[in-house]
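Sending over a structure as structure tokens; questions will come in a sec.
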Amino acid sequence: MLTVETIVQSLASGLLMGLLYGLIAVGLALIFGLMDVVNFAHGEFLMAAMYATFGCVVFLALDPVFAAPLVAAALFALGAVVYLGVVSFAMRAKTNVGMVQIFATFGLAILMRGLAQWLFTPDYRSIPTSWLANKTVPVFGVFLPLPQLAGALVAIAAFGGLYLVIRRTDFGRALEATREDAGAVALVGINRNRIFALGWGLGAALVGLAGAIMATFFYIYPDVGASFALIAYVTVALGGFGSVFGAFAGGILIGLVEATTAMIMPPALKSVGIYAVYLGVVFLRPRGLFGSI
Amino acid sequence: MPTDFPERRRRLLFVAAALVVMVAALPLFVRDVYVQNILVLTLMYAALSQSWNILSGYCGQISLGHALYFGLGAYTSTILFTKFGVLPWFGMLGGGILSALIALALGYPCFRLRGHYFVIATIVIAETAYLLFLNWDWAGAALGINMRVRGDSWVTFQFARSKLPYFYFALGLAALTWLVTWALEESKWGYWWRAVKDNPEAAESLGVVVFHSKMAAAAVSAFFTAIGGSFYAQFVSYIDPDSVMSFHFSLLMALPAVLGGIGTLWGPALGAAILIPLTELTRSYVGGSGKGIDLIVYGALVMIIALARPEGLISLFAPRRRARVGK
Amino acid sequence: MTSEPILETRGVSHHFGGLVANRDISIAVARGEIVGLIGPNGAGKSTLFNLIAGVAPPTHGSIWFDGANVTALPATGRCRRGIARTFQVVKSFDGMSVIDNVIVGALVRAHSVRAARDHAVEVLQFTGLGQRAGALASELTPSEKRRLEIARALATAPKLLLLDEVLTGLTPAEAQRGVELVRAIRERGTTILMVEHVMEIVMPLVDRAIVLDLGSVLAEGKPADVVRNPAVISAYLGERHRARSA
């Protein structure tokens, strides 16, 4: 029964999810904007973060809220290592550069999925209830589930933090400079390789944060990254590659579209709405909504 | 300048013919049904990857949504056969033509997109089709369509007792796609595709209509991919969205070419010959336990090839295509 | 018929958002001429060059080639009509061999790939790249790559060849060879419009020079006259003055 209440409820949930999608996508957009590489293992970074959160909760008896920064830090390290160990080589390719990046990171994704399956088995896992779960918060008459709300607030805080880092810190400025002209920064004494590694680390940390949040209300299994990954790519492409703000805006849009589609169509087809919006947008604006590349 | 260019082209034909003869003789030595199965799949993927290679290797438009055409081919011929009694041979052709037309229709908006936007569009379109078929009751939805095998016959292209007919068809398809690639490589289209791949702006300044080139490549590629799909449907006698339209297939069609040599004539066949047996064997021996080791091997292989030898393994055997000169 | 210019721009203006890159430019190039398009940085030479090549239609005005209005024709169509161009930053097909690069150009006119290859061989000989036919384009030296750009454009059998700073940044010996090549191309009957920066090399080469400054035509005429034109001198001096005080 579609009442005004249920519609508002759905859209509110969609908005919250959208903020999380945006958080996942921002990491991807950051990396792409920095060096023109799409990380096709981004979904697996999310999966790794979810498993790491699970580990912190179950084995270290940490609450997810406290596990989140740890997981973000761990993912930061993972991102930097992946750049140094894999991507830096991919970027040195002389032929078929685009293809090399795509398949190198795709191979990594498959590898990580296999590793997860081997180490953790394909069983679905979930985090035992934390103080967040099963509570809802009434906001203007709409009941928002606490975990999702907390997640959305963390996402907003993360965007705010990212904005400050990019605009106000030396690192952020170096990041922007490298984005503008990777060749020239060497002349100013900026180590390009270090910036790229840190950029990957930051992008991975953001998705790590998202994973820590999502682990509290999604099942965790080796292939969980795949479904969110596609949404992330669509979000970034929708917002426009090269635009961090676009990823944020795209995420919110996608979250709302998904919620709307779920109201109109059978649940199995809820992704179709997202895909249709993506195709519609890029056919009209081949560079996404805010893209510069 | 070397003057033996046409001769070298002819020599390629002889080499290919010799290979076909050798492979055709394999069933005399290989009686194990399990191994024959692997051979059939290897040949099928050689053909599929060769078709993919035309659009993504030669023309440089990387598609990770080719499962769409594979699935369309499979569903078209199967539905025509089970619901309307149309023989698979006609169904196969119908599927191929339908896929080519859809490729053109999709190309119209999609080829305006560059780079990653295009790749993601191909993934998204294929996923949409997958979801639609998953929920389309008339086409079997998630349960798929089962084809009753009514006994061995070339007319209905069904064989219960032996895999050999399928083997020979797959060999024929692999040879055909190779031949088509060989012919197109040295045609106007081949030059235009490679120019579009390397530098579309420069190509336009030389009179190459980039859009038409991409469309032609897409149509040819989709046509043969669909035929492969129809073949697969007849081979396994059962199709459902997961087995013919999932993203898994899109990847599996691309990887042999990436492994063997994207944009080369022999790359896809070489890649298939290595990758498919490897995949099947690891899956049988290790994958069944759900341990994911087959994925680990698979993923590592893809990464190593992409990073260490982006030109593909074929570069180990042949010097880079350089001396294509002479008269 | 022979007195009609091969190329004409009539009142061509081009804006990029708020920036006016070309302002009401009307020039003509006669058949068989070598015309130099010069001017200080930011004069709008590249913009005009690209408009003539068909990269984009001009915001205002029309472009006429060989008696026909080609304003709405994209680059591919203009190439078929007989306009060929090189790129300032060389855009060779790096994955293809030298001769294959040229064959792509030759395919515009050739009836078969074999005919295209024969023509490509001939063009390579003409431009001095005959020995490098089998090499990959990515393996060429920078000056060889420039010659490949020219060879590829020549293979389209153009009536008008647009050269974008092909003589910039070469050693004196290479530049001299370049000048000879340009003259040889004109001898074969191709009209040439070249954008250039290196005055000492270009002025002895061109029949006529057109000077752009701040988006408009500042002067045109014989090189000797243009060089002594006070407006031209101050435009260039101004540039050097600006550069020195910056």
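Observations, loosely collected:
We call the chains A, B and C, going by the order they appear; numbering starts again at 1 in every chain.
Just so it is clear, a residue touches a chain if its C-beta (ideal position, glycine included) is under 8 Å from a C-beta of that chain, and two chains touch if they have at least 3 such contacts.
This one's a predicted model, so the numbers in the text were calculated from it and none came from an experiment.
Look at the CA centroids: the one farthest from the centroid of chain C belongs to A.
Nearest to the global CA centroid, when each chain is reduced to the mean of its CA atoms, is chain B. The mean-CA centres of chain A and chain B are about 32 angstrom from one another, to the nearest whole unit. Per-chain Cα centroids separate chain B from chain C by 43 Å.
Rounded to whole angstrom units, the spacing between the C-alpha centres of chain A and chain C is 48. Shared contact sites, meaning residues of chain A that touch two or more other chains, fall at 94-95.
Shown for chain C are the residues that touch two or more other chains, namely 95. Looking at chain B, one finds that residues 263 touch two or more other chains. Of all the residues in chain B, the ones that touch chain A in their complex are 62, 109, 112-117, 119-121, 123-125, 127-128, 131-132, 134-135, 251, 254-255, 258, 262-263, 290-307, 310-311.
In the complex of the two chains, the chain A residues touching chain B come out as 32, 38, 86, 89-90, 93-96, 98-100, 102-104, 106-118, 121-122, 222, 230, 233-234, 237, 241, 266, 268-269, 271-272, 275-276, 278-279, 282-283, 286-288. Interface residues of chain C, counted against chain B in their complex, comprise 53, 74-76, 79-80, 84-85, 87, 91-97, 99-100, 103-105, 107-108, 113, 116-118, 121, 130, 133-136, 152-153, 156.
On chain B, the positions that touch chain C within their shared complex are 1-2, 186-188, 191-192, 194-195, 197-199, 201-209, 263, 320-325, 327.
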